[in-house]
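Shown below is the structure under consideration.
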Amino acid sequence: MNMRIVEHPILGKLEKKKKIKLWVNGRQLEAYENEPIAAALANTGLKVFHRTQELNEPRGIFCAIGRCTDCVMIVDGQPNVRTCVTPAKNGMRIQTQKGLGKWSVKK
Amino acid sequence: MSGAELVIVGAGPAGLTAALESAKSGVEVVLIDENERPGGQLFKQIHKFFGSEEHQAGRRGYEIGYELLDKCKEAGVKIMLNTTVWGIFNKNTLGLVTQNKTKILQAKNIILATGASENPLAFPGWTLPGVMGAGAAQTMINIHRVLPGRRILMVGSGNVGLIVTYQLLQAGAKVVAVLEAMPKVGGYQVHASKIRRAGVPILTSCTVVEAKGADSVDEAIICSLDSQGKNIKHTEKKLKIDLICLAVGLSPLAELCWMAGCKFKYLSALGGHIPVHDEYMQTSIDGLYVAGDLAGVEEASTAMEEGRLAGVAVAHSLGYITKQEMEERKKVIWDSLQFLRTGPFGEMRQKAKNELIKKWSK
Amino acid sequence: MVLPEKTAIIIIGGGVMGCSIAYRLAKAGQNIVLLESRNIASGASGRNGGMVMQLDGRDFDKDAILNRLTYTRKNNRILENLADELGADLEYTKCGSLDLAWTEKELEYLQKLVKFQKKLGDTEIQLLDRKETKEKCPLITSCALGSRFRSSDGTINPFKLTYGFASRAKKYGAKIFTGVEVKKIVIKDGEVKGVETALGHIKSNWVINATNAWAPNLTGEIDILPLRQVAVVTERVPALAVFPFEAMLDNQVIFGTTQTATGGLIVGGLGTQARKKIDHYCEDVSFAEIQGSASIFTRLFHDLGEVNIIRSWAGTMAFTADGLPCIGPSPGIKGLFIAAGFSNGMAFSAIVGKLVAEYIIDGRNSLPIAPFDPKRFWKRKIKWPGIYNYTILANFLGR
Amino acid sequence: MTKKSRSIPGEVSLKDLENCPGYPAEERLEQGPVAVIECIEKIPCNPCETACPSGAIIVGKPIINLPRLVEDKCKGCGLCIAPCPGLAIFVVDKTYSENKATVAFPYEYLPLPEKGQVVKGLNRKGEAICDAEVIKVMNIPKNKKTAVVTVAIPKVYSNQVRNIEPAGG
């Protein structure tokens, strides 16, 4: 799915940006460098960003400005990353967060 | 510990004009924003603003944004991006986080221009992916250039609901309907007319009762409301949609004001608990100013004027301009504000603002 | 809001003690009024980690240890069934608690203490070596050389406990007024006559001062000090093996770590700067305190360095010269009862309500309350340090 | 009319529009191109006033006044269409031909229609009511992305058509 708005009557043509690769739940996808992770994922039609701890309910983008924390995911091993305000970087590994996520504990 | 004459929190319309106005007078300004880029919500305002020539009427928000940014840079405003202000201590000390490190910044004066956040609306299924704020959808389409849905239900016919509906249409989506719980449209008639002539129905006395879908919304149930605002039985209708946008008002982001110990007043016309401030935008705490939606939810145009006002006041308090200069500039800004606060929507806000200022002076 | 003209019993303070007392008295059919100047659990009852530690500190004081344990053990037994009684999930867990030693000297001290306490008949207490401590709490950085462990200590949600008491008390007819500040306890000819509030006068022959650190403001004779503590709360993290603990770090006593039912970690007592008595009532947290807390937090838990702190608070506990609270009638003033001076209120919360109700209704107690007699600190003039924190007070008393 | 006309949410009745000071009288409409200002609500806004080179639109002070059309000054040039932030100004020419009138309106969607294309003309409710032949599309930088589209439609619909169906269908 491609939800990108390439042509816009007011904003014009989408400016060319550097393309990068992200790994999302093990699958590779293309994104623009420094666009919010959430935008890159929404472009592919992904809606469920995390599932709640107690009831395992799905959550997705809600406020898009970093306030509500509904869009948190595990990014490069760190849970609770607000994807709507976190710029995408090449090679990032992103996972749907289940509940509170996994915190790596060093032995 | 570093310091500055003036720290402005929030680089939206109010923060940018405050920075510009004070920097032009010679104030050393640090402007902080938690985002990658400055501009706040200005850059997602792609419609032409109302107003008069001197108020940039007919210009689109993002154009004003670019211009303000250029001018701020010219005036020597130091902009710190990706920086979150998480606390305010002893009335003049800010706790910041930037790149995972916390530090402290002391300010002789602080202008808070943190804006507002969208109100949610709770109904069964409202937490499902595919239910989002109208402003969120606006951010997605106009800033990130990604459509969050293709068949959309807009809840709320205030100006935000109407404008975002129009912009969703411009972005290529279909808006199935705009719902309004009240018996009449909330926003300006001209905004409503734009989307009506594009074929979007506006259903008044109507609300969303449920969002359905397994992992994301695929259906909305709507229902008519009686004169008491209660659901009328057997009027439920199903709408096939993939996105519900909520445009049910905004609330000031006042955490820093609360933390600083500012006095507040509840004014529903301005969006809720508003930090009490004087006619120069100074709060109940010396040297702490507010501007923009934080000082009462209004419009970008009023936010910019309030920012200017706070900037002028700070420039005077630091001795860069005389009292007379300040008063002269204040008068121009106040005339402008009063002008922007006319009409059926503006008058309500003007009244509420007057109450705030009255409370402060007591 | 209209206050009643008179009532049988007035309780001042809507913290856990006031509400616990209100619940027991109301349940027994007493006509009571509870007055709270702010809101239920606004003071220390809403500003703590919910640690239920039956015995803290490192004192070799036989009587103090035994007296405390008698009460806190009984308290534990009430807590076990209290959720059913109050019809509320109190999130009470018995996970055990630790006292951590960072230095050889501390470890030796703990060894002695555990031996001493065992001798007093405390069979539960255990000494854990470095490896055992690490096994128990793998997140604690390996510099902990050992610890003492008590298995029946635990944690509780202090809000749910306090509100649980309050709502049941209301159900039994207690009149609870919030936002009503008591200006003065009215005493005439050595007898309590009632209270004066901002909203008027209430007559009563019984007044219970349950305002903990604020108690001396209404009852000037009692020597209780306010002691401010700071805590930080992290974002929610998955269930971790953390325990309520106490420890000394950088010469300061720190308390930690409880994990709330929803996942946030609470660490308290960190980096509290010394200040004047009056400033111990300040509930603002300074930047330095949050920063200090964060840095100690990451020293304690290396692996949690990426966890965000999302909240902090300062709360005012009470401090008494012998570490025990004051529970009992005030000497020389008929009808004035004191239930204040708690530094670890959760461990006393349930039993205090019971004891006070027994005393007021029956005039006698199922457990002796003599060890907590307010007489200990009545009109006692200790020349406390002008500027203090917990460490300074502990040193001052030679603890 | 026996049936009470019910105003449908979000749109304005023709009667309300005709009563507003920006709406030209029928006689003026018959005379040739003229601005139709469908602005019926007090908004602090006046770009239309400054946009008009003929001084045919007056807002004055206070600027929440509804814009008033000075009918004999208006030349129907359409320079006021794009500057109106509310997209509420149209130009109607009922003298275009014997059977047809033209309506010029602001258009901010993609794709832009092309001259000569026949599309559906939409009324104020967005209903397709007739065919509309695109006779002019103006998208000049000065208008900042607000295109002005002129369509020819059967004369009877000249007070109804205010939009077109997206050219792409």
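When the chains are written out, they are named A, B, C and D in that same order, and each has its own residue count from 1.
Just so it is clear, a residue touches a chain if its C-beta (ideal position, glycine included) is under 8 Å from a C-beta of that chain, and two chains touch if they have at least 3 such contacts.
Computed from a prediction, not measured in an experiment: that's the story for all the values here.
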item: Chain with minimal offset from the mean of all protein Cα atoms; value: B
item: Winner on C-beta contact pairs when A-C is weighed against A-B; value: A-B
item: Chain centre separation in whole Å, for chain D relative to chain A (CA means); value: 44
item: Centre-to-centre distance between chain B and chain A (centres being mean Cα positions), rounded to whole Å; value: 25
item: Where chain C and chain D are represented by their mean Cα positions, the distance between them in whole Å; value: 73
item: Shared-contact residues (touching 2 or more other chains) in chain B; value: 60, 170, 172
item: For chain D, residues that touch 2 or more chains besides their own; value: 108-110, 145
item: Shared interface positions of chain C, touching two or more other chains; value: none
item: Residues of chain B touching chain A in the complex; value: 34-36, 46, 60, 62, 117-118, 120, 127-133, 135-137, 139-142, 144-148, 170-172, 215-216
item: Footprint of chain B on chain A - complex, ascending; value: 3-6, 8-11, 14, 34-36, 38-39, 42-43, 47-49, 57-67, 70, 85, 87
item: Touching residues on chain A, where the partner in the complex is chain D; value: 7-10, 12
item: Interfacial residue positions of chain A with respect to chain C in the complex; value: 53, 78, 80, 99-107
item: Of all residues in chain B, those that touch chain D in their complex; value: 47-53, 57-60, 63, 157, 169-170, 172, 178, 180, 184-185, 188-204, 339-344, 346
